[in-house]
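Here come two complexes built around chain A, the first alongside chain B, the second alongside chain C.
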Partner chain A sequence: MKSVDSDFSPSSLSGLAGNFPPRVLLRASGLTVRFGGLLALDAVDFEVREGEIVGLIGPNGAGKTTFFNCLTGLVMPDEGEVRYKGQLLVLRPYKVAEAGLARTFQNIRLFPNMTPLENVLVGRHCHTKEGVWSALWRGKRFREAEASARMAAAEFLDFVGLVPDEDLSAHSLSYGDQRRLEIARALACEPGVLLLDEPTAGMNPRETQAMLELVQQIRDRGVAVVVIEHDMRFIFSLCDRIVVLDSGCKLSEGTSVEVRKDPRVIEAYLGISPE
Partner chain B sequence: MTPVPPSASHLTSRHKTNWSEMWRSVLRLSGRWRFVLGIAGALFVWTAAFSPWASFAFGYPGKMTLSGFPGGARVYLLPLLLLVSLLFFTLPVGATAGVRAALGLLFIAGYNFIAISWEGDGVDAVAWGAWIALLGSLLLLWAFASFLWEEADGRSLSGQTAGHTAVKLPDPIWQMLLVFGGVPALLICFVYALDVEESSRFVSLICCLGAGSAALSSLGFFNWTSELLARQRTFAVILLLIAALVFPFTQDGNGYWLRVLISVGVFASAAIGLNIVVGLTGLLDLGYIAFFGIGAYVSALLSDADFTTVHVRVPFLLVLLIGATVAGLVGIFVGAPTLRLRGDYLAIVTLGFGEIFRITMNNWNGLTRGPNGIAGISDLEIPSLFGSTPLNFGDAHEVFGVSLPNFANYYFLCIFLFIGMAILFSRLGNSRIGRAWMAIREDEIAASSMGVNPVRFKLLSFALGASMAGAAGTVSAHVTQQVSPDSFTFMESILLLAAVVLGGMGTIPGALLGAGVFYLLPEKLRAFQDVRMLMFGAALIIMMRYRPEGLIPNRRRKAEFREEKSRFSAGFLKGTGELDLMQQNPVQEGGT
Partner chain C sequence: MEQFAQQFVNGVVLGAMYGLIALGYTMVYGIIQLWNFAHGEIFMVGAFGGLAVWTALPESLAENAFLALPLIFTAAVFTATFTAVLVERVAYRPLRSSPRITALITAIGVSIVLQESVRLFYPDGKRPQSFPGLVAEGNFSIGDVRIPWVSLFIVIVAFFAMLLLQAFVHATKTGKAMRAVSQDPDTARLMGIDVNRIIMVTFAVGAILAALAGVLQGMKFRQIDFHMGFLAGLKAFTAAVLGGIGNITGAVLGGLLLGITEVMATQYIPQGSAWKDVWAFIVLIVVLVFRPTGLLGEDVSVRA
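Up next is the complex of A and B:
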């Protein structure tokens, strides 16, 4: 059931400087998720274009993480579809990852008893093909593939500012480093779109600033980023475009200035003004 | 003895219960008394080693009635005593080690005390030597324990930090020499331990070895040796292999221990397969012995046994492959629907499958001859490397002027089987596939989000584990020369699982050691046959309390258990509560 979506139209909402028309990388349309009687997502439309950093904000319980889970196949949507580069995505976690969507988790989900390097190597899974026989035979091809995977993994570790240490397991890293490692692991999948779920939760201002720079560097590598965050300063200074969710509905969408002025957003966060 | 005001200790060790506080304050010793009591204890134990322990002249082994020489179990006091005496000079660092060694002495004395009074119908049968041994070891325990209490209260001395300091090793040439000397010493110890026949002596030996290793372990000795072995791994493995190959030559043509070691080898090979499933992939398989049984039945049916229903004879190497394949296919058949489920369901289904297999074999008279089983499986014949006549495993051989019983053939076969399994395990574990397995074990959701197809890799692991068990089973059928359904009970699955857990999950030496404990020790402890399962249960409970990572843990797994405590407190400090949510499924992850 794969069909090609030919809509690569430019959009006025793009925050990117320059005149080229950015291509739509990821398009979710009409995503609806129900948990029993609870409507967690209500026909949400969402787009990510090449080279964009999109912020996804909303009050607690708005459905942001559910939306991520839905995009990455951890929760099956009741209605709607997700297309990546025009191709309909099969919503299974590993298929989504193969297609080019990688994510981090709100509650860090590293492989705690593997080394940082091994964690990132698991991220290389889609880009290596060695099977049982190859692993048993240990021929030249296997050794080369293994060596290049290790090299790539070490580069991703280096990119986020970590050093590989063979005697260390991931859970003994500091909290900030665990977040960075999770990002390195996701980047090792070489995604087109990276989904970050609250990357600065529990970080101090200095670490938050470093995270901001890291996300910008990721964008500079040509990876589009979608980021869920509660730190508004972080979101407003980072994102080209912001999408606001509330109670499963898309409330507003636009640049940081537009979203900040939107009365519906103010209402969702602060309540209705008495006037 | 000077009682210490309780206030100081209350501040530092609040988690201790009050009665232990009370005992401590009663039993606390001052500096001089500790040495006096310690030296007195050592002298008592020394005297006891040369004094009569039993007052009756019959039954109890080791000439325990004689004085003047350390016969029987008494001799095992001496190594521990030597260790204790050396530990006096390392105080206060060696206090923990001292307590452990003293406990070993107490166990030896206590076990023999009870055993002698049991055999001799009452405490009257116990001679003064045993009393002195008890007294001496208690004094030693007291002396070392009071050092330990001081340490716990004062927090100024650090005896237990040996494990965390960096390990210093000598020059590579010395490392190799140490390994070169260590491996033969190990072989000699092993052969010696097998020769210890009476259970009283053997239990004492076990106490001596156990307490000795526990004491050395608290001094960081095993960190040091594991580092040494890690550096000289290839060399050590080759030497161990040579030692294993030399072993049959030490047996004077007697096949008894070879036979026992064959079953250890077969089960260790199967345990490695289980280690892939349980240790690497984290799936709980409670019916694993069924796959082993499939291999055994395939082998029995295809070797034209005396009481077979299928009259064909297939070359053994082919049988090995067929057995492994059939077991693997059945593994896929069982696993494919089940592995989509989470966690405990697999355990239940495999438990059921194990029983289904056994009951089917018990009732399928047309093929398996039901409860009678298939007996009279012929000895193996494989094409010989030298000459045209095939090598029959039933023949005894004369090699280098030493006669080897026919079991030596199977023994060597088992070594090759084990090596094959070990290579399979380490090569697969150390590859993309192994990493995918570990990722699934660690966090299935994260793994699948990184592109690992969990069902496919779990199925691969399950099928590979099954076929490894099948391969081990084909060999086992020829060794035991008969297969019947009652060899494949649920208890056997549990024993294999226990062997993997006890030895250390995810390691090859762990699987071997675990299999050794569960299939070799019972042969040595025949006196306790009736309470065998009770003892295994107790041993596992003690293990889970004091060494949950297993006897020979994976390096990082060890760290995991050691750091768990600090990890939890760190999680609370962070205040993110992520630890609470870690194991939940994504639907409940919190829909912010």
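Up next is the complex of A and C:
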């Protein structure tokens, strides 16, 4: 499948073989959300290609989280559409998850009274087929399916650097570990695109560095990542492409070098026009 | 002492039935924070569904407990589940995002509608209907304690139903999804869980348990009437609050404690039997005053 986009930036090819531009996984066109009289998103176009890490930045209230909510069906757009692998997405949360979009939250939202492993198992919901009767009967097939689901869940925990502990509820994990667990749970959906909403909020520099490496490993697994962050060093050293939102509009888009030099971006952040 | 033991057994039997009904209350509350006051009527409708099928059976079949019982239970479960799912779809789902009090008043309305429907449309429904006993009459004895066979049957059915429920909630995918929805519905949606379906399943599971309780109650007292769900529902509600709102083990424990309390108060407090139905509500008030989260209730702040 060949993409026809001509404005493709070469930097996002890094880590990918072949000369064809990677195909577009996710494309939002003309997304518009109004909250009463407030235009939270104003006809935003956005796309993610295979193997990309895209940064989504902008001042507070720019509409970044609303954009994520819109993609995942928590907020219905007033206009616009989202396509995933060319298919029109039905913007209902569970449909979006089935299609292949998973996310984490700015304020962590785990299932607090489940163990970390159970949290990840819920994440595998779309990928476990299991009848009620077989579960109650606990036959050989069920036990095998259960064992493999647990094994997969344990692998996801291991991937983000957590150790499964049967006696621990998710709410008693440390803050950084809760963030990692949320990512493990999202990955358990086996998404094609992972949306991370401020993954390093409240983290110290060492944890932030570990998160940076984790996101790169996620990309290496073949999952494209969109990340909202306020930590510019994190964004600039991680992302292939950066999209800047301001007051619900897409202000700028490009590589970190391009975005950093864009006078509109500097104005939005610092409130002054450069010479 | 034997009197105490005897009453203890009676309390456990009564409590097992309260527990079965309380489970439906507590599960629905856990998942959509609705006190489904029509749940007592689901219990009643289940009993009537079972009775209707038994009445329609040819005599040779109706006398045979091994054939009739499964049919009665199946009919009761189907009637109750169908009613509960219909009520959820028609009355509660449209109100999912309205204030809680609206849904609560709707539940009370649904409860009246169901009672009156049975009264009006079940043949001779305004009078109590006699219910088959089916399990062998008579008792067996442990020491000096006499236990009717039907009581043993009730405890066994209730015990296995609760065991199955526990397995369902903890081992199945749907059960896991149910727990996820009760802790955070929005996040559960994003994990690919169809929340509306899970809510429907919750109502259905509650209805199944209530239907079992309805048939058991009919078998024990040999009589059912359109009004039976009212008091049973209120007591099950008390049991659910006593055990801890939203807590499955708590509902069973609350049911047992309530059954035992009621029986003991009737036995040992002078003139206690005249106040038979008051003890449950005294317990309710005491719990609400001193431990509103119930015996096994979680600290609410952990949920949020």
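In this text, the second predicted complex is superposed on the first by the 254 of 275 C-alpha atoms of A that agree within 3 Å, B and C clash if a C-alpha of one lies under 4 Å from a C-alpha of the other, contacts with A are read in each partner's own complex, and residues count from 1 in each chain.
Note that a contact is a pair of C-beta atoms (placed from the backbone, for glycine too) under 8 Å apart; a residue touches a chain by one contact, two chains touch by 3 or more.
Owing to the predicted nature of the structure, the values given are computational and were not obtained by experimental measurement.
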Inset, instruction - Kindly say whether there is room for both chain B and chain C on chain A in the superposition, answering fit or clash. - result: clash
Legend entry - chain B versus chain C, judged by how many residues of chain A each one touches: B
Inset, instruction - Quick one: classify A:76 as touching chain B (first), chain C (second), both or neither. - result: neither
Legend entry - Touched partner set for A:115, first chain B, second chain C, both or neither: first
Legend entry - Touched partner set for A:103, first chain B, second chain C, both or neither: both
Inset, instruction - Please work out whether A:228 is in contact with chain B alone, chain C alone, both, or neither, and reply first, second, both or neither. - result: first
Inset, instruction - Report for A:163: first if it touches chain B alone, second if chain C alone, otherwise both or neither. - result: neither
Inset, instruction - Report, in rising order, the residues of chain A that make contact with chain B in one complex and with chain C in the other. - result: 72, 74, 92-94, 96-98, 102-103, 105, 109-114, 118, 121-123, 125-126, 128, 130, 132, 135-136, 138, 146, 171, 185, 189
Legend entry - Sites on chain B touched by chain A in the complex: 423-424, 427-428, 431-436, 438-439, 442-443, 445-454, 460, 464, 555-557, 559-560, 563, 567, 574-576, 578, 581-582, 586-587, 589-592
Legend entry - Of chain A, residues touching chain C in the complex: 72-74, 92-94, 96-98, 102-103, 105, 109-114, 118, 121-123, 125-126, 128, 130, 132, 135-136, 138, 146, 171, 185, 189
Legend entry - Interface residues, chain C side, partner chain A - complex: 164, 167-168, 171-177, 179-180, 183-184, 186-195, 298, 302-303
Legend entry - Contacting residues of chain A [partner chain B, same complex]: 35, 40, 58, 60-66, 69, 72, 74-75, 92-94, 96-98, 102-103, 105-115, 118, 121-126, 128, 130-132, 135-136, 138, 142, 146, 149, 167, 169, 171-172, 175, 185-186, 188-189, 198, 201-202, 228
